[in-house]
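What follows is a set of structures to go through.
Below are two complexes that have chain A in common, paired first with chain B and then with chain C.
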Partner chain A sequence: MSDQRGTDGVRSGSGDTRPPDSPVITEPVRLLVPLVLTFGLYTAFHGTSSVGGGFQGGVVVAAGLILLAFAFGVTKTRDWLDRPAMVALATAGVIAIVAVAAGPLAFGGTFFDLSAYPFPKAVVYGIELVELGIATTVAATVLLLFLELAGGDDA
Partner chain B sequence: MTPTLVSLLLVLLLAAGVAVALFRDPLAAVVAFGIYSLALAMLWSVFRAPDVALTEAAVGAGVTTALFLVVIARTSGRSAETVRSRSTVRGRSLLVVGAFVALAAWTVPALPAVGDPSAPAFQRVAPAYLARTPDLGVANVVTAVLVFFRGFDTFGEVVVVFVAGVAVLAVFRREVSA
Partner chain C sequence: MSEVLPWLVVAPVVPLASLPILAFRFDRVGWPVAAITATVHTALATWTAWTVAVDGPTRFVVGGLPARLGIELAADALSASFLLLVSLVGLWVLAYTRRGGPRSNLSYALYLALLAGLSGLCITRDVFNLYVFLEISGLAGYALVALGDGRDAAPAALRYLLVGTVGASLYLLGIGYLYVATGTLNMSAMAAELVAVGHDGRLVVAAFAFVTVGLGVKMALFPVHTWKPDAYRAAPAGIAALLAALVSTVAGYAFLRLLLSVFTATLFGVNPLLGASLRAAAVLSVGAGAVLAVRQRDVRRMLAYSSVSQFGVAVAGFALATPLGLAGGVVHLLGHAVMKSGAFAAVGVVEAATGARTVDEFAGLATDVPVTSGALAALSFGLVGIPPLVGFFGKWYIVLSAVRSGAWIVAAAVLASTLLSLSYFGRLVQRLYLESGSRPADTRYGAVSAGMVATAVVAALVALGLGLASAELVELLRPSLSGVGP
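After this line comes the complex of A and B, so read on.
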């Protein structure tokens, strides 16, 4: 539907100001993006009890925000999803996974042996924390890839 | 798992794959590639692999299409020349592709049936995963395998994704100061 339109949006999004897209594009996106983000977060958090996980959830969240960039312009999207924030989030996700995985070492377990934590349901909470880390890194990295590839040199 | 649906999806996959190869217009090829990914996602969900289907739909049809679109927009784009020129298929290429497909198709009868419980893949660690997962309090075996039993592999994959982001920043010579 919006392929031709999308390419134009990205092309002129790098640098110069462009007229806003027609409401035919922006209104459905405005309605759709909250649903996509909710579904993405649900997928990421609900991986232990239903389909999905951090990777899928992270990609769905990133795809929802990319949809926003197609409708409202890459430059505008980059204004609030700036590079330092994305890099910080991607790094934080990896560090969170390492922290959760290294924790069992303190309780006599091995690296990534989540059952060594002396809490009830430690494995479930451990898996969910790792999923959260995966989702953060994946979403931030996908957005970083998209915004860097779409952006002009002045970005 | 209805054979008719599977056959229809396979025909769609084949048609989309051939279309990607034959389209001269990059934009049309990207759209055909998105159709290919969606058909593949539907096939995975028919085969009851919803986790893989979700990944294929989100990554293959969603993010990859968007990345291709922005790259096309930033590079040559569609010139009237490429759009108008007819795609030609060389006889030699057709011969090599045909031989490769025939070779691959020759091995297909040796594969176990879909979902066959006596398949080699279900013999070694899979029963242990299935037996231990309920004790963990995790309902989705795929998640338990990914994050608990094979957590180290998944950690490596996340680092690969992270490195991809770092590589793009390095290629564009962008530096991030705190």
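After this line comes the complex of A and C, so read on.
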């Protein structure tokens, strides 16, 4: 794995010589990506009441960013997305879920008993936080896997 | 006290999630993080087991929901003993991997995932949740096998992945049928619904068949055992000691849990053919595993085939469905796990010190690695079933129960497999002690640490202790083995 990253670094260091795609591709992608990201977030939050949820939402968010990589090049996208930050996000999602689950213990509840939180509609907001945590971890992990497998070759 | 139960799963998950971050800053942070987590986990498991022994079974429903809707976690003497096994083997395997490797941060992240998955399997009372934990521990296991440094590690891991996933999918199909039949995923609610639905419905029988084949793949019963020899041969020795002790054993526990808490003894009462088929499958596995083990030249493959036979013995105990047979199966599973873990660690030490991998290459090595050879010989006798090691008692209870219930074929198969195992383990011990090797004296391999040897020795001592305390163990287990669990 580390070897492969090494060669990627060499490639991106020697300059991304690939010409940008035609505006027919880049312009719609530019317009679409914010919508895709918003829809991903919507899907993640929608999990509390109906179909949807963190897994699906996270994958939609990651798919939006992978669309960017297709239009503007994998190397450019990799340079733009900070790898340590992605790993941190993947971790933060899990830690956030555990924190939400363990929080009720501080208010005299049991593990994951979200109704113990002393604010209105705590169960709904708690679950949405959990969905957000799942979405963060899933999106970051899918992107990390994609960038790991895609290599640096834009050909 | 039941508050502890979710933390048995969560405790390994938090360090697991933190490892990738720590890995940016520190190169060899995996082992210390895993060691601290395993110690905390052992403390939690010991506390759980102690409370269960003193106060009786304990349960917890996540989220304060009714058990029918929420995920129920519970520990009785049966779950607690497997939980303790997972913790302790996890802990002593770390003593091996400190020097024996694998040492990458990635491998310890996988180790923690395995720990979380197996702990979850031990305490969950929700059949779908059980599937999730089966997959978590399975995925961690496949990746751990791939860490081996031989060129056969990747194909072995891929085969394990493919076969293991098919097994888990069959299990999922089975619980899908059960859900259709009963409308719930909670084990005790399911058992109650099954009484109303009847145990002889096609859905129920098909569900049992799928669940049995699915978990049979994970236990590596003949003829769905093919992933095991390659995986245990290709994995790093420390990982083989971990996987051989825990993965199939906990799958065996899961099978028994479903048998006790979902299907109950009524299933075999209503469908005598199912019990007979399960017994036949177990007997086939006992015989085929032993015969295949005799034919192996590679020591690790021999140990793997011996497991195929030993899991057949345990399942035969479960299939008898008598209190003594069930208790024998459980003692055999626990004892086999402890002894196999030690045997793989000892073989790993021999490999690291001398490079020997086949039975013939083990000739005369007792003088090179005296302590390890002693432990390996003791564990071999234990696996054959020679008292006072625990290997004897499990088999003894099963044979006794088989004779009492007139299942002569089961009794004969277990005794025959004991003779065969004496032939293949005897051959190993004879090579170690009574033959002189032809190995050139100047070849030196990697260093062996005290921790690596200690892993094998501790396993041998625990096997001895379990053997001496087997009557007490059975007494503790008895309440959790009768009828429907809590």
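Rule of thumb we're sticking to: the second predicted complex is superposed on the first by the 131 of 155 C-alpha atoms of A that agree within 3 Å, B and C clash if a C-alpha of one lies under 4 Å from a C-alpha of the other, contacts with A are read in each partner's own complex, and residues count from 1 in each chain.
Basically, contacts are C-beta pairs under 8 Å (C-beta built on N, C-alpha and C of every residue); 3 or more make two chains touch, one makes a residue touch a chain.
Keep in mind that what you see is a predicted model, and the values were worked out from it rather than measured.
K.L.:
Which one hits more chain A residues, chain B or chain C?
P.N.:
In the superposed model, B touches more residues of chain A.
K.L.:
If you stack the two complexes on chain A, which partner ends up touching A:Leu41: first (chain B), second (chain C), both, or neither?
P.N.:
In the superposition, A:Leu41 contacts neither chain B nor chain C.
K.L.:
By the touch definition at the top of the document, which applies to A:Ala101: first (chain B), second (chain C), both, or neither?
P.N.:
In the superposition, A:Ala101 touches chain B and chain C alike.
K.L.:
Of the partners chain B and chain C, which touch A:Val33 in the superposed model: first, second, both, neither?
P.N.:
neither
K.L.:
Considering only touches as defined above, state whether A:Leu89 meets chain B (first), chain C (second), both or neither.
P.N.:
In the superposed model, A:Leu89 contacts neither chain B nor chain C.
K.L.:
Contacts for A:Thr110 in the overlay, against chain B (first) and chain C (second): which applies, first, second, both or neither?
P.N.:
second
K.L.:
Return first, second, both or neither, reflecting whether A:Lys121 touches chain B, chain C, both chains, or no partner chain.
P.N.:
first
K.L.:
Intersection of chain A residues contacting chain B with those contacting chain C?
P.N.:
84, 87, 90-91, 94, 98, 101, 111-112, 114-115
K.L.:
For chain B, which residues are in contact with chain A within the complex?
P.N.:
Contact set of chain B toward chain A: 27, 30-31, 50-51, 54-55, 58-59, 62-63, 66-67, 69-74, 77, 136-140, 142-144, 146-148, 151-152, 154-155, 157-159, 161-162, 164-165, 168-169, 172, 174, 176-178.
K.L.:
In their shared complex, at which residues does chain C touch chain A?
P.N.:
3, 6-7, 10, 13-14, 16-18, 20-21, 24, 60, 62-64
K.L.:
So in the complex, which bits of chain A are touching chain B?
P.N.:
Residues 3-4, 6-7, 10-11, 14, 43, 47-56, 59-60, 62-63, 66, 70, 74, 83-84, 86-87, 90-91, 93-94, 97-98, 101, 111-112, 114-115, 121, 123-124, 126-127, 130-131, 133-134, 137-138, 140-142, 144-146, 148-150 of chain A touch chain B in their complex.
K.L.:
In their shared complex, at which residues does chain A touch chain C?
P.N.:
84, 87-88, 90-91, 94-95, 98, 101-102, 105, 109-115
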